[in-house]
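Below you'll find the structure, written out as structure tokens, and then a few comments.
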């Protein structure tokens, strides 16, 4: 069973799912870095992105690329609106207050979608050239799989460049170091946070489109579980840290796929437990995640 | 002279390769009051952090009251008898002044869980005793009228004093004061100086004082250590220190 | 002692809370007005209230919402035709929210506040097992529309009835079909571990398939909510020789996902399953690769039988779209079955309805004939086998018990 | 004599519960029982999330432990032979009274919390939140796979419906009393000290780890009681009964009521139980074009959560308890710290750099 091509196939599978987790986790971590907010509604932005793309694909018959862009734009705008209405008024309030509002937003999106669109899962059909399958060297994968990995990496690279090279990106990093000091330096923190939300939501939308495109289905609860898993991924990597979130996403993808791939079915039921035990071990060895900065106690 | 209260041997602390403190040594007798001075970043607060277990030593040994506390946790060190204040005041901000002091008092003499849950007679006695002791302490530091006040709403000077009260509540043998006069006006500093002298004199406390305010340091300390770049560069009486060329150099940046 | 007085005041507040709770819930006399939409005309006699208990929101909603629509359609038709015993049927439809607490609360509200004479609904045994005993305790007949765990009636009691066949029947049917019609000797099993339904279906399938000389070459699992099956699929691909059929025990949300991914990976054997596969998602998600999929279910909506076609037509007219799945038909049947029992009992007394239900013989339902044999409250219904080919669903066979 | 005073409200609550049990129909009794269970959950979660400042998302795990333990221990032997035939004989042959089973379950949950807490409580903040969330997933996975004890996905059903209002409110009073006492003692002050400033607390001799562990273990213990009560109210449990949705709901109760206030937790629990139930009636009553507005109650509850957080981010009660509220209205004695009205005086906000 452990032929090289079998292992290679599983690696491709893991890279695929890991790429999407990484995208979602990065979005989560960008916002966390600045606001210390675990955005439980982040996964639901994936759902919204998928629905928007679906509408663009079917009702407006747009090409896939345009649908992806539209979804990212619309959801980014939504992210900014939500930030303005639900998070900004809570600046300076206890962290849990924002956490509860994010739970509320999540519930609003899920139930709102159920009421208006029904809970019937909807098929997401991508153009044939994307779903076409390639078989080579005993491996089998869809064009879509390659695109997922490529697009995820491209978005991550773009984000990294943005954060390191542009003024706004540097302001974002400054904010995640210390919001108050950044503010004193004359930077419009509100603008930076709005941008962070836009980026975060946009990445979630992209992940949502990839996710539903890959699996071909969307319903009002599509994003919730991957959102939660991405939170886990971000924490493994060291929440607030962009390369960490990337690493965490891929680790989670590999852990999930490999456990099923290389463990007998009798134990593969313990997959989720295994993933979390792994997580606990990582955290116990490195209490701030793999790449997270250790918080120095300053007396 | 009896066994010293505190012996520090060859102490060093580094943060990611940066030596914040090295080759530090100290022998402190009972009821001594010494000052530690030095420019910003000289390693004074690091010294306190290492002594109180907040930042464990990279190397060296600390023996307090005959007990090796080099690897002990901060709460164990506190219960062993070292209390400190913080440079930037750390109170339990949203709790009352009284509760702040009670938390310090709890370092010795806490209830057992079943006494609390079943409200056994021991609990009431203990609570009464805690409250009475807390009020006495507040009285002593002229804070009695603020007992019911939320700690972070106190004026700055009173917060400093409250912090000392909390530290005293833990019944220390050794008190570490980290720039207690920082941000105080001359009158407040004067009062503080009297307080420190009183604690030292009446309450038989051993004290290490970090302070920038030279009037305070020179006014109360019997012996002074000077730190620069994490190293001990001078030690002696206030008069000797004031004359020491290495000290002048460290402070003024020029060779005397 | 201030502490003690503190505690005293707190306990007082709890008392207030309890009182407030008791007052907040309006007494039965002041219950909200009956749902107007269920009463096309002012009823001459008092309405017969029947509970429709479904998880209309949350995880079950994709199969429960159509079920409720089916029940409503049946109620509308019955009322338009003059009702039962000259009285209109009033459906009390409360959302169970796919939550056990909310579902049991809803069942209890129907019985104790709205005084329903019977309850129908629920498509999953997790919820049926929680709500059923409440009806049993109160002596109100409960007909589950779609929960197929065969032991439900025994476990809950003599007021509990099943409108659908049991998982044993449908699992046996598809196992037989695989052996007899598809010539399968070896099978691969992929089982959703998270549901009672999927594990039971798998158990019965394995029992029948191996009992008749077949071999299970590999048994793998996943958990509902998983979307990526690439790891499992790679394992199947590594099998040599390949299994003759792929049995996938899934609920609708994973039916399309698994089909698409297995086919995309180049596995071409027949995929077989139970009524969890009865969803348009197979064709919608898998598209043209949805080939050679066979599943056992309650009814074929393309069955030319006029009874089936009339239902499909009425449903389409009412809701502007065809029935989403067989659970719509099961909901429709459930209410008709209850109404039929009321008619035969000549009374809307719960006990009389129960006795009439237990005596049901040859009730002609969209999803097959319902007969409760002596002492059993699970029907021996025929099982329909449906094939999906080129993204099209077609009726292939009806297996009579 | 004074020591007997607190017995009066207890007697009143229990009397009311007894009265309700005999006078109200099953539906209202159920709602009242769910309220009591949620109060237990919220008050106990508040110990970690409100007092010691550790954000735990693992409450459902301890509920599950209590529910399964009580289910296995109280199921009649005759039913066990059918439902759980593979139990080891020593378990298959026992049939314990409800109260005993609840106590054993809570002990077990406390033990698990203790063992898990020792490594996990080294984490802080959101790292701890994820770790406790992981605990919940692990317990769920074990419940799903440990067939002889739990029947896996099928779950255990047909539990005896032991959860009467007297039991529910009795346990609720015990929970509130014990937690109130812990919080208003040196332990509670230690927890709050850790929450306010962990480093300062350590330097004041507060045993940080033991304090956090105590809060965690106590919370687990009472969550387990709530789980057992819930199991015997619903009478059917499956692994998915104890999901993060439940945890989130309880977290919301605590935060909406006000973290760090027992009164707040009680209010949060009552609100978050009653509101959806009341709103559900509007779903059918406000039908548009014959279509009831299912989902409306969840949406309104979510909007309410938003509203509370936007206008009172510290929660409805903040950190205040009922006695203080009454005191503010002129009843009783104030216990809450007042504030210094420091006109012209330098306060902590204007700290000078040290």
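Chains: A, B, C and D, in written order; residue numbering restarts at 1 for each.
Following the convention adopted for this analysis, a contact is a pair of C-beta atoms (placed from the backbone, for glycine too) under 8 Å apart; a residue touches a chain by one contact, two chains touch by 3 or more.
Please read all numbers here as calculations on a predicted model, not as lab measurements.
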Most heavily contacting chain pair (counted by C-beta pairs in contact): C-D
From chain B, the most remote chain by mean C-alpha position: C
Between chain B and chain A, distance of the C-alpha-averaged centres to the nearest whole Å: 48
Centre-of-Cα separation between chain D and chain C, whole angstrom: 33
Whole-Å gap separating chain B and chain C, where each centre is the average of the chain's CA atoms: 71
Between chain B and chain D, centroid-to-centroid distance (C-alpha), Å: 41
Per-residue multi-chain contacts in chain D, two or more chains: 144-145, 181, 199, 203, 294-295, 298
Shared-contact residues (touching 2 or more other chains) in chain C: 1, 3, 57, 193, 223
Where chain B touches two or more other chains at once, by residue number: 52, 54, 86-87, 90, 127, 178
Sites on chain D touched by chain B in the complex: 178, 181-182, 185-187, 189-190, 192-193, 196-197, 199-208, 214, 319, 334, 336-340, 342, 345-348, 350-352, 354
Chain A-touching residues of chain C, taken from the complex the two chains share: 57-59, 61-62, 65, 193, 218-223, 225, 227-228, 230-232, 234-235, 237-238, 252-253, 256-257, 260-261, 264-266, 281, 284-287, 324
Residues of chain D defined as touching chain C within the complex: 2-3, 5-6, 8-10, 12-13, 16-17, 20, 24-28, 30-32, 34-35, 39, 144-145, 152-155, 157-158, 161, 169, 172-173, 176-177, 180-181, 184, 230, 233-236, 238-241, 245, 262-263, 266-267, 270, 274, 276-278, 280-281, 283-285, 287, 290-292, 294-295, 297-298, 321-323, 326, 332-333, 335
Residues of chain A that touch chain D when the two form their complex: 32, 36, 38, 40, 86, 89-90, 93-94, 96-101, 103-105, 107-108, 110-112, 114-115, 228, 231-232, 235, 239, 269-273, 276-277, 279-280, 283-284, 287-289, 295, 297, 299
In the complex with chain D, residue positions of chain B that touch it: 52-54, 73-75, 78-79, 83-84, 86-99, 102-104, 106-108, 110-111, 113, 116-117, 119, 123, 126-127, 130, 146, 148-157, 159, 166-167, 169-170, 178-179, 182-183
